[in-house]
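You will see chain A twice below: alongside chain B first, and alongside chain C after that.
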Partner chain A sequence: MYLPSGVYHETYRADHAWWQATFVRAKMAFLVLLLIVGLPLAGNYALSVANIIGYTILSAFGVQLLIGYSGQLTLGHAAFIAVGGYATAIGMLQYGLPYPVSMALGAILAGLWSVLFGLPSARVKGFYLIMTTMAAQFVTVDFIITQYVSRVSGREQSFSLPPGTITVGPWVIDTELKVYYLMIALVTLCTMGMANLLRTRVGRAWIAIRDNDIAAEMMGVNVVRYKLMAFFVAGVLGGLAGSFWISSLYVVSPDHFQFSWSVWLVGVILIGGVGSLHGVIFGSIFVTVLLEALKFAVIPLSDAYPALSTGFLYIKEGVFGLAIVVFLLYEPRGLAYRWQQLKNYFNLWPFAY
Partner chain B sequence: MLKKTMIRLACALLMAALLPLPAGAQTVVKIGSLNDFTGPTSDVGKDAGLGIREAVQYVNDTGAINGKRIKLFQYDYGYRVPEAVTTYKRFRDFDKVVAVFGWGTGDTEALAPTVARDQMPYLSHSFSAYLADPKKTPYSFIYGTDYSTNARASMTAWYDEVWLKDPRFKAEREKGVKPRFLSFYMKACPYCSAAIKALNDHAAILGFEVGPDQDVPLTALDAKSQILAAKEFKPHLVWHGNIVMSVATVLNDANALGLGADHIVNNWGFDENLVKLTLNSAEGVIGPAVVAFYGEKVPLMDKVVEYTKKMNPGVPQQNRLIRTVQSWVDVLLMREALVRADKAGKLNGPGIKEAFETIRDCTPGLGRPPITITSTDHRPGSFVRVYRVQKGKFVLLEGVDLKKRWPDKWDKWLGW
Partner chain C sequence: METFLQLVITGILVGSIYALVALGWTIIYKCSGVLNLAMGELTLLGAYVCLAFYTWGFPFPVALLATLIVGFVLGLLTERLFLRRMIGQPILAVIMITAGLSFFFRAVVGFIWGTDTRVFTPPVFPTEPVRLGKMVMGQVYIWSFLAALVLLLVFVGFFQYSRWGLSMQAAADDEMAALSLGVSVKRVYALAWAIAFMAAGVGGTLLGNINGLNISVGYLGILVLPAVVLGGLNSVPGAIVGGITIGILQNLSGGYLEQLTPGGVKDIAPFVFMVIIMLFRPYGLWGWEKIERV
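Right, the complex of A and B next:
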């Protein structure tokens, strides 16, 4: 789209490149500069918001993969994030493993755990699959983790991670800025991984299953195998999200991975756009910034109306629900679609055809 | 024309935004407060949250911190650890507070290493004994006797005043029967289980036989199966580690199913609402109170009542609880430390911590026994008043001073 007319690719490699024109490359360089240098100048508060956005992106990737690319409805993704988070914390605190090793183990464990709860997808789909993934949520977080796993630390419910626990080699991750850089690295890695995976044979198989599983099977796609593969990759991404998030938390508790977070992630991709990686990123930025903006709107008023600050959690959840409703009504294809439209408009301007 | 005006207006706004804060910012002391108005502990948290606001207003009306007004940032976190962590970060990075009023045990314990790193004095409503050992948690403070001390004192008071004196137990005492004891609490909740180790240790000291503990959720509406399981052990005494609503459920079910045991309750489960919610089942229930009950005739209570009426006229007086009074003691203890730190010219984290640690035999009134905090022991005292419900009223049963009674053990009990 950005190619000036008359320039054609001469190799398949160039044809498949992500960034095909100088303008796009310049834009991406600007983005990198903004993320690495620009945002850290904005202070700790902006960074902590950015970290929440990054965590939401990492968490929502798996949901997008399952719902948006493989057509497997899920409402239990927080369970796999929890497995990743807890496995990493236990690996570090109880077995003294380095953070990157624990993180890898946590991600793989989360992937396997996700496959376990993906097994029913061989037989059921749609609403029934929602039920089985919800079961994953409650069995994992509310039963196994709350009652057993979270109590091995001896403090009954929470694993405290004092500042300085999380290290990558000699690099101690103990400030918002360092967490931020870790987040940027992970989000970049996962985005690149996802974007590439989706244009391989595997990715095409997932999309075929999403669009019509019977047709996909007719074409020779092993549906069960690819579905389970989707659950595995989604679980690994969720596990990575959990492992990353504990670096910012100082503590892990079952509260972090409640059912509401699973629902939240589905809302994020609805708002961002189902079936789009841009959608994950836009959706995460939108909901996180919306809620922060809400704080700025509500908290100054709370001097006059104390009820606003005391009932803020309700307002927050209400606004999130309202945002989903508004998007479903007026922007059902999400922010990613609007972004595409915007780009098209400028690309074609002034001749809109 | 209009465009020019708009540009000027935009410039003016930009200027205003870029100007540094007025010099008046120096005369404000910013404090954050985490409260639970909506979560599973809101049965006591709501009242405590209102109390914090009223007490801060009182401090500001009566000289503030050597003339510097307190600016309170109070947020509800719904008793959710993640929300507490993000709110704490907001306090630290955005609101830039000098100290924090904390609430729950889970979040306060989880944040303790971080507040130590950030040098942020953190005075919490959670009295978990874990927070009282400055070697582990140097910036955490508590204003009431810790849960372990409270539990030991309640058990001691029951042993002294009921087991050794009550004619109901005469026959068993003479036969040399050991009193049987077990606990009801939510096992996966850091607050509820904080005192268990101390309780079982104390049961051994007093020569009790300990039975199987029962798991009751904080949001329980029914505890019949737990009661039936406990009944097989035929306990003489049970301890309740939960909060009012849940404790009331257990007491009612225990009464209905004829558990036949006496009850001791942790301080957050023992207040005016417990009596209202249980009617007869609360008769004879024993529990500690770290301050005076609401409306008791003690110094400063008139101010508490005055401010509740003035600031929250919508909340009926008969619904106000001991939690309001606790919040007042919380705020007034913080004030004491802030005033001392300010006099020393060190109104910052380390300065406030040092100021807390100079407090000796100091009480703000309101029925709080004198508080002493040192740099080696953040437990505010060893004296606990234990009350018993008689005909719907709280009657003082015994004042237990653990340090006087077990002087050799008291120091070892620090931190658990």
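Right, the complex of A and C next:
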């Protein structure tokens, strides 16, 4: 823990404070102001982009927890997001539960579903675990949800959510701005929850398992229990992401939770940095903004080359794939590491040796 | 009974194509230890390249040969540009680089050829079905089976008898020993990718002949994973047997379980099967048994 010179604590309260230096306090105040007041002024387009970023952050938290903190490779996280989303939608439409209640139920159900598919992690790891989680993806989304859940009470393919279905207390979540504030609340909650969880006994146990599972077992960590706990928490986070995302959708369909979204999330944390909460946020912002910027780059060209706009979806995927490859080759520790380097540079300036 | 036989035989015929692609996957894993998620996109690339040559008017065997050559070159390039730098990196990094490549290749295919289903016109193989006793099957299946079989034999012969094939086996067995005996392991890696591209291209072309060619042919790449898990990841005969078994299993479950559910069983049955294998026999049929207790 580095503190700038001149900052010293006289009480335990000050020593345990979240933000200890004036500069940090100013920075956080600026961030809060930017998020609560600044971005809403930027208009609906900026808000919709921000909502996508928020959804990506919420979804990627679970992946970061599994891959970056407990070392359990997963390629099926979209399944748990789907469980959360569908459970919330069913809770509201079929049973008339309020949104926050069905959100909590959806999150817990997604967590339990995740534990079910985390059970093989007691026996297998590495590549085989990837295969199991991929199987979870296909069994959950392509079979159970597509063939059974989507047809609950005579529906054909998807759940439509009439406007005004989603209410938090007296507020109806019906505009981008309200979705945005919901997103900010959830992201703040999850970030703080994750950051604190990782400092507890549980978080330390996960990190021990990630670094060396046999050594962790020798030190008295119950490996299977903590692995399943990691799957549960990751599933809960995924479920929260899913039930948040339906608030900005008019229909919920299996197409929103395909295998490529699972791979996408792993790509996001690779670009951001594995094993870092900053990484989740940086990766989500980088990927979403990069792909939005791509749109603006393509629009002026599309008059000359119409193929560019018809094939835009593919351009997006291709650029994302290349971004993963380039980051793995040239910046394997991700954006979070680069951010740390940058901060160090300024901290040590002008004596960088 | 006839339904059963019909399903099994169709399964074997389709499974031979899976076996071909699974062989490509296993070669890469065996020689360089890379777990490849881009196999499906390699089949897509190969199939569309072959389609392009065929629609330009080349006869089918020539088009297939050209596909093999293009696949060979692309395989060498991919290995040289991306995979060679990843030697010694953690497993997640290597897997994700193939996942990134799979996004990229699929995007290239989708951008150039679009999303419509395309068929080989005029049809490559005669369309009238063949009758064997009471069973009926399309000639395209039989020809695909024969083509896959010939290629499988060629590849296996290549490994057993040619100098390069033997050097690949040596490198797979013990890299350090192979290096000290003068085998160029770099060349082995490159060759493995080239062979995988070729096998995948032919597999995709054959499957495209059966069902028509669109972007979902890439699903084949995910379908080979159960096959290689069953075979034990690093065993060539395992990949072949695994591919054929998965083909049979997929057809049987499609034939019998489809009535019990609203649909979609055919696509996920291989994965359920794979999970069961992994719970009881994670090293598959002939894989190397690595015991590590935690």
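Criterion: the second predicted complex is superposed on the first by the 335 of 353 C-alpha atoms of A that agree within 3 Å, B and C clash if a C-alpha of one lies under 4 Å from a C-alpha of the other, contacts with A are read in each partner's own complex, and residues count from 1 in each chain.
To be clear about the criterion, a contact is a pair of C-beta atoms (placed from the backbone, for glycine too) under 8 Å apart; a residue touches a chain by one contact, two chains touch by 3 or more.
For clarity, every value in this text was computed on a predicted model and none was experimentally measured.
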Who does A:Val263 touch here: chain B (first), chain C (second), both, or neither? second
Touching A:Thr146, do we find chain B (first), chain C (second), both, or neither? both
Contacts of A:Pro120 with chain B and chain C, given as first, second, both or neither: second
State whether A:Val251 touches chain B only (first), chain C only (second), both chains, or neither. first
Does chain B (first) or chain C (second) touch A:Ser160, or do both, or does neither? first
Could you say whether A:Lys27 touches chain B, chain C, both of them, or neither, answering first, second, both or neither? neither
According to the contact criterion defined above, which of chain B and chain C contacts more residues of chain A? C
May I ask you to decide whether A:Ser48 touches chain B, chain C, both, or neither, giving the answer as first, second, both or neither? first
I'd like to know which partner A:Leu313 touches here: chain B for first, chain C for second, both or neither. both
Please work out whether A:Leu73 is in contact with chain B alone, chain C alone, both, or neither, and reply first, second, both or neither. second
After superposition on chain A, the chain A residues reached by both chain B and chain C are 146-147, 151, 311, 313-314
Chain C-facing residues of chain A, complex: 67, 73, 120, 123-124, 126-128, 130-132, 134-135, 138-139, 142-143, 146-148, 151, 213-214, 217, 223, 259-260, 263, 266-267, 270, 274, 307, 311, 313-325, 328-329, 332
In the complex, go through chain B and note every residue touching chain A. 35, 37-38, 46, 49, 53, 74-78, 80-83, 85-86, 89-90, 92-94, 106-107, 109-114, 117, 130, 187-190, 193-194
Which of the residues in chain A end up touching chain B in this complex? 43-45, 48, 52, 146-147, 150-151, 155-158, 160, 162-164, 174, 176, 249-251, 253-256, 306, 309-314
Per the touch rule above, chain C residues touching chain A in the complex are 35, 37, 82, 85-86, 89, 91-93, 95-97, 99-108, 110-111, 114, 222, 225, 229, 233, 261-265, 267-268, 271-272, 274-275, 278-279, 282, 294
